[in-house]
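Okay, so chain A shows up in both of these, paired with chain B first and chain C after.
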Partner chain A sequence: MDKVMKNKTAIFLFMFPAALLFTTIIIIPIVMSGYYSLLKWNGFTDVDFIGLGNYIELFTSKSAGFPRTIGNVMLFTAMSVFIQLPIALALALILSRKIRGEKFFVAVFFFPVLMSTVVIGQLWMKIYNPDYGIINSALRFLGLESLTRVWLGDQNTALMAVFIPMLWQYIGYHMLLMYAGVKSIPVEMKEASYIDGATELQITRYITIPLLKPVIRVCVIFAVTGSLKAFDLIYVLTKGGPAHASEVPSTLMVSMIFLRNRYGFGSSIAIFIIFICFFFAILIKKIFKTEVD
Partner chain B sequence: MKSAVKRALAVLTVLAVAFSLAACGGDSSKGTTLVLWSIATESDAFHPAYTKAIADFEAAHEGIKIKHETFENESYKTKIKSAVSANELPDIFFTWGGGFSQAFVDSGKVLAIDKYYTDEFKAQLSTAALGNATYNGKIYGSVYSTPVSVMFYNKKMFDKYNLKVPVTFDELTNVCQTFISNKIQPFGISVKDTWVLAMSHDALTLKSAGPEKVKSVLTKQGGSYNDPDFIESAKKIKELESMGAYLKGATGLTNDEASAQFYNGTVPMYITGTWMAGSIQTDTETPEDFDVAPIPVINSNNAKITDFMGGASDTLMVAASTKNPDVAGNAAFELTRSISKYAYLDGAGIAAWKVDYDDSAVNPLTKKSAEYAKGATSFTLWFDTLMAAEDAGEYLALLQELYTGNVTPEEFAKHMADQLGK
Partner chain C sequence: MGRETLGDKIIFGFLCIWAAVQIFPLYWMLTFSLKSNSEIFGDNIIGIPREWLWSNYEAAMTVGNMAKYFLNSFIVTGCTVILTAIIGIMATYGLTRMVWRGRKAANNLIMLGLTIPVHAAILPVFIVLTNLKMTNSYQALIVPYTAFALSMAILIGNSFIEGLPKELEEAACIDGCSVYGIFGRIVLPLMRPALSTIVIFTFLNAWNELMFAVIFISDSAHRTLPVGIQTLSGSYTTDWGPIGAALVLATFPVLILYCFMSGKIQESLIRGAIKG
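And now, the complex of A and B:
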């Protein structure tokens, strides 16, 4: 192994394909987007260099409604971290205790992750349907007619109505990561503390969760960056509507670029999303590091 | 050992390169193959017409093959834009006339096909029909159908309450009121698919401001959107919405979901394009219960009942990058001519080309719609196609805000005037 690590040609040979792919499909497009974001450009004809004009419009234009999308996506990020991850952790802890049908439940909870988002979107659209959807039908059956809503079409409920399936879909994903993490903790440690008289709750609190921290950190980073760039399910369910109520930066970006031919403005949103994802990823790493020290 | 690894690596590399080269090669069979992109997916009403038109063309021109690739409508709008900017257009492609394709033509990626518009074609398709495919005095595409916005209604439900087809807006509100008093929601509509809401608003605006004013304001040739006639139609939409004339939950329903309520007889009216005539034949159990009418007039000083939203917008264009401009240019016309015929016979669309064949088998709804289109005193392209993409996007977003009550009709008109004045 040492020999390979010293061999510069070998390092180059093994790194080159990955580095090439990484540069051409990630680094270069980001740099290009950065350049596009300084242009007023419809994607086909002449370009107009306007400097930071797009960024200024981003935060000042009322009709574009960008600040609101930030608020929406922050709310969603908070919900992923404080609602989705605890549920995933609880499920992982329960399932890893050798309960009956463990494998079956792991598969069941993971299933939504495997399903195509468009399929999930169609499924939830049926659930939310104001006419025959299961939610309104159940409410009517229970005599709670007054609580029925047009869940995806009401400005007050649309945001939550799209967030719930998004949280639900990825619980299984985080659960699986954490489940694998719990399973990899040596049984001896638990047995030792058990012999020392620790209760199940204490073992979980003082042994399992601290040892699970690296996995939790990864989950938090995935949950946060995943939420910040959330797109597909929102697009299928509401397209950001009604009247921007469920708009997030990525849906706004797509509508700007592909609906309105505003490549420059859309690119500035893209750059903003990239920037904010990096920012949070680094921040989370810092937070977890200081806690470890 | 080491050399064995090296040899294996070398072999793998060679194989990988060979494969990638093979993938780039493509077929080298004889004759010409034209690639055609369209949105006539297998579930689309125009799919059979495209298929038959291509078969006809291939039969008439030996050695020329047409490879038809289809895409879903919404995603196609994205695809076509990226293809234009990446210079990856196929020989012939479907697009929408008017403002939508303006930027494509401006970029020089589309071929002007004036010289292929021969006398034979001129006799069957008027120059006027090509208006939306004409930019700076040159023809850039050919069309096949002339859809217009109309009001489909359920005759049986109208008869049950002794209602007559409304011709003025006041009559329309009376009809709505009668249905509402009988616990029936009058109009099916989708706000989530905003183009459906736009169909109603476009038509009412036309019937309030008249064709000349609409066209000159939206294409920035004079006049302001902040005008009483434009505010009036926004008010009418709001009025219908507040009286409960629109399907409950329309803000969360897609066009498919909303039109299903019309097909199954839950709601009696639906304002949309004439293409619905074809769907009614296949998607309802009793097509004979349905009928079609023009959209009522708001201001008879400006607009007539025979003024229509719509016109030939579905267009086939030829890429400037095609290797066979002569074949492709001619094919654009021959294909649209055949599609026009077969789509009309199928009841999918109203023929833009001259009907010189037996059309007695066409369903009565499509035929009646065709009569309306024939007797039209004016055609105004739908706002979101007529306006440039940026303005159209803002228009659709603002319409949702208007419908949900976030902006008043006056604010709506002012925002639109600001957007168009940019």
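And now, the complex of A and C:
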């Protein structure tokens, strides 16, 4: 058996396609991005090696607006973790109590997860439309004309207006993961404490939620890295506008590279996004580990 | 626990309201895709269409080019799914059953790919594609989609193959079966559940992907649905009906799939996230 499993040709054949794709499309490009990020380069001629110049510009230049994108993306992350996840957890706990229509509700809450972000973005653009969208129409109908806004075009509301569809789409995903987690907890554990006289709230607080920690950790990682990478919905709804009010690193990167031909500067944003994703993934693992121990 | 208390009724009511909030945008999308502008803009904003304008769908399909975009998305997604499944399962086998130096390191490297955002690769890949004159082609999307789907596919495959007993393979080996025979006749059929999880996962990601598609494809002949819808909404800014129809059309395949196999889809996404 061992001899068969050490067959060099077979190993090569099994691994080659994956290794080739992985190296050429992921590893080499990341190294290239790292190299580009040290250049001042417009994509055609004029290649200047400027060391960490782009990174310095990232954090000091006011006109590039990078610090603001970090602020925005941190706000998204915080809202995902502290608004979206608690709602998802509440729904999961409620639904796993053998409620009437359980399957139906799970299916309904989950469906938006499967939809294309472009479809969702376009749909919400219509919902937010200042003239004919249902939000402003409803406000007018209720006689609250003064509350109507150009939701996506107003610097004060654009960020929230982008967050709501995000919440609407992904709540179902976290709910599903947590719901599956609750369902996998053995019923005996709950019944035992029920017999010992624990109330349902106590059972939830002291048994269900602690046992759910690994799932919650996964959800937190997904919510955080998902927010850090967010692109589609913002690109469709506002393209980062108005006046960078809803700009995030990924939209800034795309506009720097593909609209303004600042290849080097854009690459430094790309490297920053990788870095921050890894940083948070490790941080979250650490936080949950110390809590479990 | 059996009987329904007042508390349960309140909770049930709350769930119904939440479900209504969740469904309403979809209901609105479906109804305005069948309405004329005058209904959408004032006469009948949230009601059922008075006159069912199927011509919106016709406009989206023909003038809006949705039929073509649909086909493109189908080709790109189909090829990505097939390639990812084959290459992913092969690598899973190589990484978990074959014995070679450095396989642990290779596995760890591939798992890092789960955290790497696509942003990281977009510019270098774009430059290479431009130099090879390969932008505006199906391959320009299929190859990167497959590469970025591999980590997840291998993760799903690895966690599944761990549960398969090695004895079957050993027995086949003693009977004189070659390593390819063991893979093709024994492991592959047993991996069917993992394959379907990989297929569902990859399908959803590729079908909905926007960033690569919007940057690598600029001609209408190769546009996928997400980019096509973006273009369509740019050219139909005032006529909402056909846009609504396009949105419904793009969602339809996923909805149908979901109706028939919601259990399997939910299970796949759970497995991809947790067990892996």
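Heads up, the rule we're going with is that the second predicted complex is superposed on the first by the 265 of 293 C-alpha atoms of A that agree within 3 Å, B and C clash if a C-alpha of one lies under 4 Å from a C-alpha of the other, contacts with A are read in each partner's own complex, and residues count from 1 in each chain.
As a working rule, a contact is a pair of C-beta atoms (placed from the backbone, for glycine too) under 8 Å apart; a residue touches a chain by one contact, two chains touch by 3 or more.
Bear in mind that the values here come from a model prediction, so they are computed numbers and not experimental data.
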item: Room on chain A for both chain B and chain C (clash or fit); value: clash
item: Which superposed partner A:F76 touches (first chain B, second chain C, both, neither); value: neither
item: Residues of chain A touched, compared between chain B and chain C (which is higher); value: C
item: Contacts of A:G241 with chain B and chain C, given as first, second, both or neither; value: first
item: Which superposed partner A:F44 touches (first chain B, second chain C, both, neither); value: first
item: Partner chain(s) touched by A:F258 [first = chain B, second = chain C, both, neither]; value: both
item: Contacts of A:W151 with chain B and chain C, given as first, second, both or neither; value: first
item: Partner chain in contact with A:F66 - chain B first, chain C second, else both or neither; value: neither
item: First (chain B), second (chain C), both or neither touched by A:Y170; value: neither
item: Set intersection of chain A contacts, chain C complex versus chain B complex; value: 43, 125, 131, 258
item: Contacting residues of chain B [partner chain A, same complex]; value: 77-78, 81, 84-85, 103-104, 106-107, 109, 191-192, 194, 248-254, 257, 261, 388-390, 392-394, 396-397, 400-401, 403-404, 406, 415, 419
item: Chain A - residues contacting chain C, complex; value: 1-2, 4-8, 10-11, 13-15, 17-19, 21-22, 24-30, 32-33, 36, 43, 91, 94-95, 97-101, 104-119, 122-127, 131-132, 134, 137, 168, 172-173, 176-177, 180-181, 214-215, 218, 222, 225, 228-229, 231-232, 235-236, 250, 253-254, 257-258, 263, 266-267, 269-271, 273-274, 277-278, 281
item: Of all residues in chain C, those that touch chain A in their complex; value: 1, 4, 8, 11-12, 14-15, 18-19, 22-23, 25-26, 28-29, 32, 40-42, 45-46, 86-88, 90-91, 93-95, 97-100, 106, 109-110, 113, 115-125, 127, 143-144, 146-148, 150, 154, 169-170, 173-174, 178-180, 182-183, 204, 207-208, 210-211, 214-215, 225-227, 229-230, 233, 240, 243-244, 247, 250-251, 254-255, 258, 262, 265-266, 269-270, 273-274
item: Residue numbers on chain A that touch chain B, as the complex places them; value: 42-45, 63, 125, 128-131, 150-155, 158, 238-239, 241-244, 255-256, 258-262
